[in-house]
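One structure is given below, represented as structure tokens, and several questions about it will come after.
Letters A, B, C, D and E name the chains as they come in the text, with residue numbers starting at 1 for each one.
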Amino acid sequence: MFSSFAKAFTNLFKTPQTIDYPLTPIEQEKEHRGLIEYGQEACIYCLKCEKACPPGAILFVPVENPPENEKNKKGLKYHYNPYLCIYCSECVRACPKPDEALWQSNKKSLPATKEDRVNESWFELERLKKQTD
Amino acid sequence: MKKIEVSLDTVREVIEGFYEYKKWHFLTLNGLALAENKMEVQWIFSKYEALEETVVYFAQIAYTDVIPSIVDLIPSAIISQRELVDMFGVQVEGSEKGLYLDEDSLQNPLSGCSL
Amino acid sequence: MFDLKKYRKKSPWILHYNAGSCNGCDIEILASLAPKYDLERFGVINTGNPKQSDIFLVTGPVTYRSRERLVELYTQMPEPKVVIAVGSCSCTGGVFRDMVNVEDGVDRYIPVDVYVAGCATSPELIIDGVVKALEILEQKTKEMEKPLKLFREATLENSIVNRRHTALKVGEKDEEN
Amino acid sequence: MKQTINIPLGSQHIALLEPVRFKFECENEKIIGVDSDVGFVHRGIERACTTKFKFDSIGYVVARVCGLCAITHSLSYTVAIEKLLGGEISKKAKYLRILLLELDRIHSHMLCLSHTCENAGFEAMFMRIMGDRELVMEIQELLTGNRVQFDYISIGGVNRDLNSTVALKIKENLYEVKQRVLGYMDEFTNNWSLSLKFKGIGALSLDDAYIFNAIGPLARASGLNIDVRNEIDYLPFDEVGFLMQTHSDGDINARNLVRLNEILNSILMCENIINGLPEGEIFTKIKGKPNGEAIVRFEAPRGELMYYVKGNGTAMLDRVRIKTPTFASIPAFSHIFVGQDYADAPAILASFDPCLSCTAK
Amino acid sequence: MIETLLILFAPLIGGLMYGFERKLRARMQNRQGPPLLQPFYDMWKLIDKQAFIVNPYHTILGVMHFITLWIVVAFIILGQNLLYVIFLHLLSTIFIILAGFSVKSIYSHIGSNRELQAMIAYEPILIMVAVGFFMKHGSFDISVIRENGALLASLFLLFLAFLMVMQIKLKKSPFDATEAHQEIVGGVEVEFSGVFFEFIYMAKWLEYAFVYLLLMLFAGNNIFLGIGLFLGVFLLVNLVDNATARIKMKHLLRIVLAIGLTLGMWNLIGLAYV
């Protein structure tokens, strides 16, 4: 009891452990597993990452005006949902050209609000994907 | 892992003869869906303070069979038995449904799902 | 960057419900109440009582058995209230998407205002989410204070019943502006 | 007939992290009967493992069974698959797996201790332990890239190497944690209000521990020598200085002391691993499709975790059976509650370190 | 004039104390803590919030609790009879207990039950304190007590007993089983919401004012001793709060009654015969 007593008293004169987070930003560790990033030029459209992703947070969906890339024969476009991703970096391990086409950054995802339509917009993409299969 | 086949009629006697509560540790009751509308029930035990000694008693049954309860021998089996009832839709003496599943969720999710 | 003075004038009391998550996000919520991140800086108290809370932190994809309790808790909270879906699986279902006993995401049942990603999410993201929620809470409070249009016909658009409804539409109005 | 009252605890309650509902039938705040509902978190992971996911990504799915013992889940599953495929992983990978397993145990035990203190109404101790727990979380993030869900183990080895700066940081922080833990030992044994709350409360006798097949710290606090780390040979626990920690009282205080001693033992193991880390590859490619059945057991922070995996030579498995520590202890829980005061119920519950998301899967 | 102002601002002074205490407690727990004016932000927020009325008696009794407490504090400031003050305070506690029993929530019932038991523990000690003052001055009037010298030395044992009462009244561990957030989610206040919870919340501030005003009586007319006593006890209460766990109701009754009554009795016997 008395050691807690003393501890509480000495804590009064120490600077608290708290990081005043939104005011003083925390530096992310370089190794932190954050958002997955995609390099469109280097992608060879093998769709390995799409198959490897456990929750299915990466989708290649056919669009009308696809990004210009000679490997992209089916006219697909890369979509990624950070609110579905589980940040396991299995896609990066599956990717034949890691660090160029697909890599994991240490950026954190921002909180979304209603306008971002994290669920509805993704449903549309999933429906599109199902139609092509 | 040692596997011993038993039949449903004799399983209680076999376990009663085998199980010494200070020597063996009841791990769990496991179900396994087989082909032709059959399933396998496994009673898994392991030995205290021994390296990798696991004994599995198993019986192949139909879904309509009633599995005898071993709760009076091993009180901690009650929760595994209830799970088995929920997951496979078989009957175990004295164990009722509804540990995990609600009325409108998919019933017996594991019965024959790999087939 | 952040105008913290504005946010600090609020006192969001949080209610936490686990609707079937893996505990990863729940322990991060505990960690964000602990000294290093200390959510109490914003006036947060973990009340555990729906009748006295403003922010509803939900973790986990909603399982069949917990959905009833989830809606019950949401309705027990007095207006204005903000719902934060913490973690990937409460936003969209995450890795549990399409599993048999799971409803993908909290917004199938209750309207969600802030989605916080991450599996498991980290205390920083939770703080970000709470700061965002404070903005929405303030807007909703203002919306509730608007005088009622007494002399108009009580249509569905502006009747008393729909004050809650208009409060929910705060975000959409901003989009137009 | 005496009048009884029913006091519910859950499914949403401030003392609970997870949804579980207990209904205590009380006589003047003394519990005479318990009714529990543990199925709130059932998500159907066992079914999804056989119908939805291929065997190589299940390691990430079963990690989400429980956030606290995520590493043990993915490790058990991976070892089971490695057994079926017949691959052998390098010694360095084995050591790194133990390292993370023990770090996870340290942070999980600290969380449990702090939660027990909070439920006993000791907020300052909760803050103190949670504050110190950040030291462990920090090194976990450095080692694996995430604070809670590590996703560190893959079939054939581990995903990340340990470099020398991280190793140094781990050693520094663990030394610091050790000092703090010794401080808690003093606090848990000497604080009179904690002894009123913890000593002789929620006791489980040795015989009951045998009868109810108790496991983990719950059993070890009653004097039952069960620690799966002692009974398996997939990972070299005996090489890195594992010692079983037991106590004979069986009450909350004994459980806390067992946990504190285990933290100290785990710190020792981690230090031994870092000092004697062998050279070699961290990943060996293992090819093939799993066929046959395997039972793998591991010691999660809460007790014994068992995986039964059956493959049929294709990418989809036949059966993944997860038997989790709390699942096996539920009969023991209900037994302990009877005869205690309701005022002690949250603290007793926290001292089991229950993990309901494990239980219901 | 100054008394009227003091009475009007009594809840605010209590609120400031509460805010300062939250800050202090945070610092003792090695964290930054909320801003000093946080209780007032809470107050503004609660006014804005929708309120659910469970039943009319429940809310009225809650408001009555607040008003009676305010009158109690006013009486102390005006220098009225100490015995009246203590019994009126008892009445205000009874209001909140009745409010707890008037709803269906089981947590509320347990909270009320515990509040009753705690009342049994601390009420005799409060009366003994009043009797102690009476034996010294021959009057229960607070104004008389204030005019005379400090009684800390001659009522020292009663002062120690009073410190235990403070822990109960301020809901600080080890004697905070009446509130017990982790067991019964706040006890009697569990069903209050919105602006009606506001009254309960502000009653807590008044409780601070009440307890510390009673404490100041031990210093008599010595203002410096009074301030010293206030600061010292304020720190002590929080330090004890941060060094102990919550003990159960039966232990609370046993400890407070056994130690408190014994200390008080010895003091009174000493006053009578020495």
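Here, a contact is a pair of C-beta atoms (placed from the backbone, for glycine too) under 8 Å apart; a residue touches a chain by one contact, two chains touch by 3 or more.
Everything quoted here is computed from the prediction, not taken from an experiment.
Participant: Applying the touch definition from the top, give me the chains sitting in contact with each of chain B and chain C.
Facilitator: D
Participant: For which chain is the distance between its Cα centroid and the global protein Cα centroid smallest?
Facilitator: The most central chain here turns out to be D.
Participant: Greatest Cα-centroid separation from chain B: which chain?
Facilitator: Comparing chain centres, E lies farthest from chain B.
Participant: In whole angstrom, how far does the Cα centroid of chain B sit from the Cα centroid of chain D?
Facilitator: 25
Participant: Between chain A and chain B, what is the separation of their C-alpha centroids in Å?
Facilitator: The answer is 42 Å.
Participant: Roughly how far is chain C from chain D, centre to centre by C-alpha average, rounded to an integer in Å?
Facilitator: Measuring from centre to centre gives 30 Å for this pair.
Participant: For chain A and chain E, what's the span in angstrom between their mean Cα positions?
Facilitator: Whole-Å distance between the two chain centres: 52.
Participant: On chain C, where are the residues touching two or more other chains?
Facilitator: Expected reply: 34-36, 38, 41, 47-49, 64-65, 94-95, 100-101, 119, 122.
Participant: Got the chain D residues that touch at least 2 other chains?
Facilitator: Those would be 13-15, 39, 42, 44, 47, 60-61, 64, 124-125, 127-128, 131, 134, 146, 149, 191-193.
Participant: Going through chain B residue by residue, note those that touch at least 2 other chains and give them in order.
Facilitator: 100-101, 106, 109 - these are the residues of chain B that touch more than one other chain.
Participant: Please list, in label order, each pair of chains that touches.
Facilitator: A-C, A-D, A-E, B-C, B-D, C-D, C-E, D-E
Participant: If we count contacts the way the header does, which residues on chain B are in touch with chain D in the complex?
Facilitator: Against chain D, chain B makes touches at 1, 21-22, 25-28, 30-33, 42, 44, 46, 48-54, 56, 74-76, 78-80, 83, 87, 98-101, 106, 109-110, 113-114.
Participant: Across the complex, what residues on chain D touch chain B?
Facilitator: 38-39, 42, 44, 46-47, 50-51, 210-213, 215, 224-226, 230-233, 293-295, 297, 304, 306, 308, 310, 312, 316-319, 321, 323, 327-328, 330-332, 360
Participant: In the complex, go through chain A and note every residue touching chain C.
Facilitator: Listed in rising order, the residues are 16-23, 26, 54-56, 81-88, 108-116, 118-119, 122.
Participant: Looking at the complex, which residues from chain C come into contact with chain A?
Facilitator: 1-2, 4, 35-38, 41, 88, 91-95, 97, 104-105, 107, 111-119, 122, 124-125, 127-129, 131-132, 136, 171-172, 174-175
Participant: Residues of chain D touching chain C in their complex?
Facilitator: Those residues of chain D that touch chain C are 11-15, 17-19, 39-45, 47-48, 52, 60-61, 64-68, 70, 111, 115, 126-127, 130-131, 133-134, 137, 146-149, 355, 357.
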